[in-house]
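Heads up, the next two complexes both have chain A, just with different partners, chain B and then chain C.
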Partner chain A sequence: MSYRAADGLNKALIRDISRRKNEPEWMLDFRLKCLEMYHQIDAPSWGPDLSGLDIAHISNYVQPDSKMVSSWEEVPVGIRQSFEDLGIPEAEREGLAGVGAQYDSELVYHNIKQATAKTGVVYLGIEEALNHPKYAEIFKEHFMQLVPPSDHKFAALHGALWSGGSFVYVPKNTSVEFPLQSYYRFNAPGAGQFEHTLIILEEGADLHFIEGCSAPRYNVANLHAGCVEIFVGKSAHIKYSTVESWSKNMYNLNTKRAIVAEGGKIEWVSGSFGSRVSMLYPMGILNGRGAGMEYTGVSLAGSDQDLDTGAKVVISAPDCYALLNSKSIAKNGGKNTFRSLVKVLKNANNSRVFMDCKSLICDSQSRTDTIPVFNIRAKNADVAHEASVGKISEEQINYLRTRGLSEDAAKSLIVQGFTANITKELPVEYAVEMNNYLKLSMEKNL
Partner chain B sequence: MKILRPEKTLKDSFVIEPGQKMHLVIYSNQDTTTDLSFKLKNNAKISIQCIILNSGSFKFHFEQDENSELVFNGAFALRYEQELNFGYTTIQLGRNSKSHFELVGTLDDKAKKISSETIDFKVGATNAEGYEAEKVTLLSNETQNVAKPIILCAEENMHGEHNFSSGHLDPETIDYLRARGVNPESVKRIISREQILRVAKLCKNEAIIQEIEEALK
Partner chain C sequence: MAKEFFEVKNLKVSTDETELLHGVDFSLPSGSTTLLTGANGAGKSTLLKLIMGISPLRTSGKILLNSKDITKLPPERRAKLGIFLSFQEPVAIPGLSVSEMLRSSTEALGKKMSYMDFKLHLCELLEKLGLDPFVAKRDINTSFSGGEKKKLEILQLLMLEPKLVLLDEIDSGLDTKANELISKTLADYQQKTGATFLVVSHNLRILKHLTPSQKLVLEDGLIHKDEA
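== the complex of A and B ==
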């Protein structure tokens, strides 16, 4: 039987979630402390308008009518069909090392291919890790250490309500040949989803992790306040790709953070297309000599959308580097904001940061803002930033029109070219999906 | 040309009438709070050189109507525990309005600079152009350079651009100067001095250039 908690947020709900998950006492205590913090911390005084989000009118836990299984045949037909429509089982068969599929508040499917599991790679549902005889300690050591609940109001909310998500552990010098993918499907109207992803890469490990999210559109607000924590060991590497196409009633207030040891590297690849409001700034803490971060992001805001996205990097060791590359498009009255923080601490000598940020604005009903912040304290660090904002070039449109394209088709092609360096960072099937989305969005005014 | 030497506090506002031009030089060698606002009417032009050699708070606010042009060149050299709080905002309201902002400077010892530069394109600022650039050289590991270069845009047909860089002295320049017998401490002074004088010379007033050169000694 599926279950939907009553709207609102209180201690009884927290106790109920914890009881349903058979959690240890420490986790219930942790959740209750987070709830207190949530009430104490103010909502951000900057950024998009969150007044349409009323937590008293959100159901913060929706359990689907299914247990987590490792065979698609065991997933109830209705839920399975949603994932079939999204092409998840097919993608798994063709080129993924493992898949996690979440439906509302709980995982319904989690599986890792045997060949990958044999290398010692662990890919579990996050609740499994919490209660696992071998991984419970590792879980406790890392869970919400990188994103403490005191970080901001919605991190505290996440700490109180987290449910579902994935736990990944990649052993020393192990390279995961094919990506792992977690997909979050949000089906319940007026509800919240709070999955937690915890990834630990030991020294020399290598992983590509893909996160996908979608939801049907309702006329009530939905809330997504997930959290991703990534621990990148010495000389390890992770590419974390996200394609977010939430529906336009979604408040997407997600927090993603990685800490990178000596010689390690985090790559964030981020496509933001959906949501009514997004506040998403993946962050890297470069903590060891020679650590690196790359951020590649594209964001398309259409009517009724306010997408506030960007990246943050804190460099606290020498010889580190960060490359941030963002492209954004605002159309049909949409609002796009690129927001970033680059902090280079005293001992980050010989570190380098380059940030490039380009925005297109397609009409005078739309808006695009660029708000970077730099705080540089290291003498021998080089930080450079370039940003530009403008419209689609008339010259380019006219050129394409002389070759028989309609104005909309020309604009669509130009936008696809504008974002090409980002799409090429995505796995092929996501790049195709993204280009199709951009094409439809530009030509059909979706 | 108007020369302003702000003392403790300077707060003023200026209206540049249609078609008029204004040339303003601001030279500050003492701790000061300066707050200046400017309204540029249609076809008005303003050119500002701002030289800062001490702590202080400087706020510049511009509103630009049609075909107006703003050119701002600023330079600072701070050392010891000097602290500069610098704010620049231009609101581009009119068609074909243009703004060009450049700020260069050096921070030495425990000096700190906090800057915020905003270009705000409002609806109707068709064909407007806005540019802002900031280049800061850090000469010590105890300095702090904070910058917030912002572009806000509600108009489709415009072009806005900003560049920011923060870094150390170019090793080639250091080597070049050292090869000519200049010691490392003097290299710092030469770099600071050159940046300041490059901006000072834009004002084309020998008396003020000489005064700044004297101060730099």
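== the complex of A and C ==
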């Protein structure tokens, strides 16, 4: 039977979630401490308006009528169909090393291909890792160490309510040939989803991890406050790609953070299209000499959307580099904000940072802002920032119209061109999905 | 006498302050080539844009294609009826490749072609125009030389196969060899399809292989035939 917790947030709910998951005592204590912190920490005084989000009227735990299995055949038909519609099982057959699928608060499917598992790569449902005889200690050592619950109000909320998500461990010098993908489907109206992704790459490891999110639209507020923590070992590399197409009743307050050792690299690729409000700033802490971070992000804000996205990088070692490349589009009264923090600490000499953000405004009702913050303490660092805001030109539209395209189709092609250098960073099926989404969104005025 | 394929009747054009065209009349016989000349600023490009439907200026009068009034049609509808404007200054669209643009255009114009056939045809046309196949992947009119941009206009023309071709200074910025190639290509196209050409040119080099049957002069907001 599926189960939906009563709306609101209290100790009884936390205890109930912990009991249902058979958690060790330390995790229950941790959750309860997080709950206290949540009540103590103020909501952000900056950024989008969160007044439509009332935690007292949100169900913070919704258990689907299914256990986690490793065969799609065993997933109940209705739930399986929603993932079939998203093309997840097909993508798994064609070119993924493993797939995790979460429905509301719990995973319903998690599987890794045998060939990948044989190389020592571990891909588990996060609750499995918590109780695993071999990985429970690693889990405890890393869980919410990069994103401590004291970080901000919704990190504390996440700590109290986390449920579902994936645990990945890639051993030394192991390259995962095909991507791993976790997909989060949110189906319950007026509910919250708080999945946790924990990824650990040992020295010289290499992984592409894909995260996808979507939900049907309801008239009540939904909340997504997930958390991603990535530990990138010496000379290891991870590409973390996300395409979020949440429905427009979603408050997407996600926290993503990676710490990168000497010579390692984190690549964030981020497509933000959905949600009513997004506050999402993937962060890299470059902690060893020569570490690197690349952020490539695209966001499209339409009517009733306030997308506050960007990236953060803290460099605490010499010879590091960061490249931040963002493209945003605002239309039909949508609001886009690119917000970034670049912090270069005293000992991070010879580090280089280049940031480029371009915005496109499609009409006079829409708005775009760029809020970069630089805090440079090293004596010798090379930091550059470029930003530009443009409109779709009448000349470009007319040129395409003379070639037979309607005005909307012309705008859509121009926008696709604007985001092309970001689309090519995405896996093919996501690039196609993103272009289709842009096309639909521009032409049907979604 | 050839049938009047295209007609402009009493076309007046004005900005908020001035009237630029005071009632222009002319017609183009089917399958013919017409040269349109006039001093700089006489309004030749404006007239071509009006025919294509992309001039924001206030107009009155009529534009007829095959006796059908197209005066109020948007540019995409005119393109679907077979009108094509080769731009004097082709417009760059960063991130949109030549191939993607042409694919979208052919689909919008309802040309049935499999993706493979489209690619093969595109490669043939690129070769015909002396362009590298890699050009198909480059962004349209971005980082191309002036001559290459003109070739891209002709590439689009050959792919979209229009019936009425408006050429605005197609021969400016072309070297002798490129001019020869384009003039010959256009003449071949006209012979093969029976398309009607309206050509604006200052240096007349494009006429090397095209023979105009009439010459129109746009002067002081009026058009008259140059019988010479």
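We take it that the second predicted complex is superposed on the first by the 446 of 446 C-alpha atoms of A that agree within 3 Å, B and C clash if a C-alpha of one lies under 4 Å from a C-alpha of the other, contacts with A are read in each partner's own complex, and residues count from 1 in each chain.
Just so it is clear, contacts are C-beta pairs under 8 Å (C-beta built on N, C-alpha and C of every residue); 3 or more make two chains touch, one makes a residue touch a chain.
In this text, all values refer to a predicted model and were calculated from it rather than measured experimentally.
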| item | value |
| --- | --- |
| Chain C versus chain B on the shared chain A, clash or fit after superposition | fit |
| Greater residue coverage of chain A in the superposed arrangement, chain B or chain C | B |
| Partner chain(s) touched by A:S71 [first = chain B, second = chain C, both, neither] | neither |
| Which of chain B and chain C A:N219 touches, first, second, both or neither | neither |
| Which of chain B and chain C A:Q114 touches, first, second, both or neither | neither |
| Chain B versus chain C as contact partner of A:S45, first or second or both or neither | neither |
| Touching partner for A:V383 - first (chain B), second (chain C), both, neither | first |
| Included angle at chain A between vectors to chain C and chain B, based on C-alpha centres and rounded to the nearest 10 degrees | 70 |
| Touching partner for A:Q396 - first (chain B), second (chain C), both, neither | second |
| Contacts of A:F418 with chain B and chain C, given as first, second, both or neither | second |
| Minimal inter-chain CA distance - chain C and chain B, angstrom | 17 |
| Touching both chain B and chain C, residues of chain A | none |
| Of all residues in chain C, those that touch chain A in their complex | 52-54, 74-76, 78-80, 84-85, 87, 90-91, 93-96, 100-101, 104-105, 108-109, 139, 156, 160 |
| Residue ranges of chain B touching chain A (in the complex, touch as defined) | 123, 136, 138-168 |
| Chain A - residues contacting chain C, complex | 393, 395-396, 398-407, 409, 413-414, 416-421 |
| Chain A - residues contacting chain B, complex | 346, 349, 359, 361-364, 366-391 |
